[in-house]
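Written below as structure tokens is the structure these notes are about.
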Amino acid sequence: MAVIATKDTRLVVQGITGREGTFHALRNRDYGTNVVAGVTPGRAGQNVEGIPVFDSVADAVAKAGANTSLVIVPPRFAAEAILEAADAGIEQIICITEGIPAHDMLEVYHYVRPRGIRLLGPNCPGALSPGIANIGIIPAQVFKPGPIGLVSRSGTLTYQIGGELAAKGLGNSTIIGIGGDPVIGTSFIDALDLFQADDDTEFIVMVGEIGGSDEEAAAAVIAERITKPVVAYIAGFEAPVGKTMGHAGAIISGTAGTAAAKKEALEARGVPVGTNPTEAARIVAELVAGR
Amino acid sequence: MAVIATKDTRLVVQGITGREGTFHALRNRDYGTNVVAGVTPGRAGQNVEGIPVFDSVADAVAKAGANTSLVIVPPRFAAEAILEAADAGIEQIICITEGIPAHDMLEVYHYVRPRGIRLLGPNCPGALSPGIANIGIIPAQVFKPGPIGLVSRSGTLTYQIGGELAAKGLGNSTIIGIGGDPVIGTSFIDALDLFQADDDTEFIVMVGEIGGSDEEAAAAVIAERITKPVVAYIAGFEAPVGKTMGHAGAIISGTAGTAAAKKEALEARGVPVGTNPTEAARIVAELVAGR
Amino acid sequence: MDLYEHQGKELFAKAGIPVAAGRVAFTVAEARAAAEALGGRVVVKSQVLTGGRGKAGGVKVVSGPDEAAAAAEAILGLDINGHITRRLWIEEAVAIDREYYASVTFDRAAKMPLMMLTTMGGMDVEAVARDHPDRLARLHVDPALGFRGFHAVQLMSAAGIPVDERKAVGAMLAQIYGVFVAEDAMLVEVNPLVILDDGTLLAADSKMTIDDNALFRHADSSAMRDVAAADPQEQAAHEADLAYVKLDGDVGILGNGAGLVMSTVDVVAQAGGRPANFLDVGGGASAEKIATALGIVLSDEKVKSVLFNIFGGITRCDEVAKGLLGALETTAVRAPIVVRLDGTNDVEGRELLERAARPEITVEKTMLEAAATAVRLAREAR
Amino acid sequence: MDLYEHQGKELFAKAGIPVAAGRVAFTVAEARAAAEALGGRVVVKSQVLTGGRGKAGGVKVVSGPDEAAAAAEAILGLDINGHITRRLWIEEAVAIDREYYASVTFDRAAKMPLMMLTTMGGMDVEAVARDHPDRLARLHVDPALGFRGFHAVQLMSAAGIPVDERKAVGAMLAQIYGVFVAEDAMLVEVNPLVILDDGTLLAADSKMTIDDNALFRHADSSAMRDVAAADPQEQAAHEADLAYVKLDGDVGILGNGAGLVMSTVDVVAQAGGRPANFLDVGGGASAEKIATALGIVLSDEKVKSVLFNIFGGITRCDEVAKGLLGALETTAVRAPIVVRLDGTNDVEGRELLERAARPEITVEKTMLEAAATAVRLAREAR
């Protein structure tokens, strides 16, 4: 059945009349995603190549039955766009926007989380279930359907690993890009739980990077309740202390958040960790072959 | 097992060093309630007849294992006291305080509700499970143990009906005073669901009054999912329009909130409604006798 | 607490909501002076806490001080739905192009503020709701979010506000919600919200209700209470912090606890009597408090008998009996009092009363018996 | 973005947090003038974005302008943990009775602000955490609640603040949290928070980090960026909106996507090379953008070879190849470039590059091969 991006997805694209919004809305629809609406305030009644545009997410829910939102709006408006979707009864919100202020995301996180609303991102590429639906900006042609659930903090790195897996004939149930910001709605743990419960997922690949302690926390949860085999890759072994490596969340603070510490934590829980994407893909291929 | 006030209750009294706080904390303890702590900022290290006083609810949780809080503080501090309890991980908060600004309670309600924290009140007498535990200001001597769950918006009216039932030899599983304010944490519906799930409750008595539409909403829920027999009493048939009848929430606005409309809604769902406490008690007695 | 139009507009102005310049007037002379000060065309408006002022002749547009004085002469003392006009609001007349309606109410069922907006302003919103429900946009605002830009868009889109007006209308909606929160209001209504000839917006009327429980943090709106307009019993009760509501019968009713007193009112009516009031004395039992409460009930000249209904919980009935007997020492009682004591120490309480053998007191054991007696005594005294 | 002490104190003062009066000085003369203007005893403090100033001799208390000038002479140019002192903060000396410590940090693991408070101020808080963990009070603040009175009580109770000081300290904690939120800070640290002889409080030092993503709404703190102190490559990248981090090797690295570039840095090191930088060119593929990025990498004189690693997703590899070739038209390249193109239209992209046959470009198909080649070329160029 895959996760997040499924046959049941009824997508509204917030910011659909923007250049990026239009491009990805149509690309997602071309892939087969059920894109039912777009939202741009003041543009109600228009349409984007047949996708109806509404003034508000509430209208997209009421009039087009949207249940999932893709947020592609500039960073200074993105937090409010997420809150609008949450307030309108949207169940899953995928936010691509990079550069949202961290305090805005604190507010958003503590609004959506207690209310059981799924937020993916921000600053993430979205979710792709090959052959089923694509929500966001993941290049679908890199991936093929298969039994591997892939969760990652990085976009292009995910494509790199997806490409390496595909080259070995391996495919994915769902690819979840959780994003590279300090405050993200869906953590590794959340994604692991989704994959654990998903019938289409048999193996899990987790792509982490420096910064924070989500990989360490995930390691504990894997030991506790994830029975499907997990392979990890971590980027940033050579990253210096105190420097933000592109992603707002990718920074080693003091001695916390190093790639070595994350690798150690995962290996201590029996999760093999590749030190580069090629090695990680090879470990996965061996694991799948060994089944 | 009763509800809210149970054998597992570990009570912290917020405002314990106040006159009312001390009186009711000791009264509740005398009844058998496990009063484990009190809170008054700046008074940590003191005790109230052996009940340890802490500076904060967090300390009462960490050091005395409190899981339920009784809030008896002046109205201008009560909302923050409730939030403090919620923030400290308290599972059930019973707020006696009358006169809390309605906007303060809006904030409190929308904080505790999504987080699954039970709030009873404010402006309520609390909860009493005869023979087990008493949290709040309900005069326990009026009630005796038995199979009737009693839920009410009014304090003395509850005692009146409890007294009439006791005079007929009938007792209660738990008496829940939900309070007379416009914004209360636990509604009739919440109480009905609690009683429906409670093994000790066989019959339910619901004491409503003018104002709002909680009784009407409860009528719909009774028809939908409450299988235990329910008897109701509504006060305020003679109340004029637009006047607040003592409780901040007891006001008929336009044509909404009349006792007649509530009686009609309940009777339409098969719930007998007494027009005075004596009649209501008689209906309950007949129902119990008929079993 | 309901505010007069001019009081609401004072709070509006503080929040930056545009209103016409104006002055309050209690006399014809003050009205003339106000019109002189304002200059040009002015509107003379009755200040009463009820609707339908226009239809009742309580609002007149005039062109100068003389006409303003004449209008004031006509409107002062005017009875509008039972409310006598005792004050006027004289404000600059404005050139109105269109009339909208906007409000925020405290929706207790949803436990959220409810905002409403329609382009059919100036008329009764209930009529719009009934006859043109599709034209009345309604929106609940989650207090955990507050009023956001998307709320404004959603409301204005549903109400059919033209896109080129949305920036200005949206800003005013945010201000109206801001006043609702900042002033602890239960209701803020702007009807009409007018679009002037020059395209700017203005709150042409104001209706506000403030939460009594929050007045402690609003010195300015607390001071707006119109003591003179209040019923004397209600005012005395308010000052004594007792919950009192005047009804129009002859059986005075006191008791402890709002629900029990409401129920007592009901049973008096069921016994064929006519309740004169609702009065909750609360939890205390002091002689002073009981004396004050009795005094308020009896100051209503229509009262022919009094029913004092107590269910003792925390409050002990013997203490109440002592309090009542103490109160009778200091209060001259001109009507018979029926006392019902039940609950904690009720036997002791009844004994105390019977032993005192005060001629004005009749003791009953149950609420229904007490109601029947009080009704009979009132009938006998007519 | 990290702020200097004096910049943080400017924001503190705006928020009502008491700080000593002071002036910035970039020269000895300015330091003398500041001391003259302030009068009396002053403190001359090195302004560097690192700790340990006191131990390094970067803070001196002096009694007048002459001594201040002498202290400035000594401190200007002082190297403190690799940071050269280029500015001073001259402030009034105060009479300190006790030193506390208070901070708010953005705790990403808990996804809440973390407040810390201890009465052991003036020293390194990591040392307090290690040696006296029971003396360091820690409290997460739920952003849905904000900082409340009970948070202050809880922190102060845990830190052992005497009851009679709690009103003042609690108010300052609220102000510190207020600055954290109002300024979009990731860190606000007051160490020491001093209690003066007269019992009043004062923030005697300030350490603040502002969220770069929020600078668009903070014109004042945006203007505080010390362009002169930044690394020239980092500054150029910042202006071009490119994510760049300088490392200390000789293999320049560019790629699309932060994760992929971090990974590229790793594989270069695994191949025995030494990465010179991290540079994420992002999703675009325009010649202009690629030229800018190449220019930044090559302006680091240590760079001996460049690895350009692209995984095409939305971005097409043939467009990247065209952009790169276009960039080479305008940019003089002094080091060999190894290009790896994979993903969307990679075959077309590689063909374009091979057909162009630029001598400075070597094309590789995989990331590991590209890294090995770039490392070899750098070694050959040494």
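Letters A, B, C and D name the chains as they come in the text, with residue numbers starting at 1 for each one.
Here, a contact is a pair of C-beta atoms (placed from the backbone, for glycine too) under 8 Å apart; a residue touches a chain by one contact, two chains touch by 3 or more.
Just so it is clear, the structure is predicted and the values come from calculations on it, not from any experiment.
Enquirer: What chains touch subunit B and also subunit C?
Expert: Shared contacts of subunit B and subunit C: A.
Enquirer: Under the touch criterion given at the top, what is the topological distance in steps from subunit C to subunit D?
Expert: 2
Enquirer: Farthest from subunit D in C-alpha centre terms, which chain would that be?
Expert: C
Enquirer: I'd like to verify one number: the distance from the centre of subunit A to the centre of subunit C, where each centre is the average of its C-alpha atoms, in whole angstrom.
Expert: Averaging C-alpha atoms per chain gives centres 54 Å apart.
Enquirer: Distance between subunit A and subunit B based on Cα centroids, please, to the nearest Å.
Expert: Centre-to-centre distance between subunit A and subunit B: 44 Å.
Enquirer: Can you give the whole-Å distance between the Cα centres of subunit A and subunit D?
Expert: Chain centroid spacing, subunit A to subunit D, equals 28 Å.
Enquirer: Residues touching two or more other chains, restricted to subunit B: which are they?
Expert: 111, 114
Enquirer: At least two partner chains per residue is the criterion; list those residues in subunit C.
Expert: Answer for subunit C, listing residues that touch two or more other chains: 142, 144.
Enquirer: With chains as vertices joined when they touch, what's the shape: line, ring, star, complete or other?
Expert: other
Enquirer: Touching pairs of chains, which are they?
Expert: In this structure, the chains touch in these pairs: A-B, A-C, A-D, B-C, B-D.
Enquirer: Hey, which residues of subunit A end up touching subunit C in the complex?
Expert: Spelled out, the residues of subunit A in touch with subunit C are 41-42, 44, 55-59, 80-81, 83-84, 87, 111.
Enquirer: Any idea which subunit C residues touch subunit A in the complex?
Expert: 142, 144-145, 148-150, 153-154, 157, 163, 166
Enquirer: For a test of understanding, state which residues of subunit B touch subunit A in their complex under the given definition.
Expert: 114-115
Enquirer: Going by the contact rule set out above, which residues of subunit A touch subunit D in the complex?
Expert: 75-76, 99-104, 106-107, 109-111, 114, 125, 137-139, 141-142, 152-160, 163, 180, 182-183, 207, 209-214, 217, 235-240, 243-250, 254, 259, 275-278
Enquirer: Provide the residue numbers of subunit D that touch subunit A in the complex, in ascending order.
Expert: My answer: residues 106, 108-109, 111-113, 126, 142-144, 181, 184, 186, 211-214, 216-217, 243, 245, 247, 255-263, 265-270, 275, 278, 280, 311-314, 342-344, 366-368.
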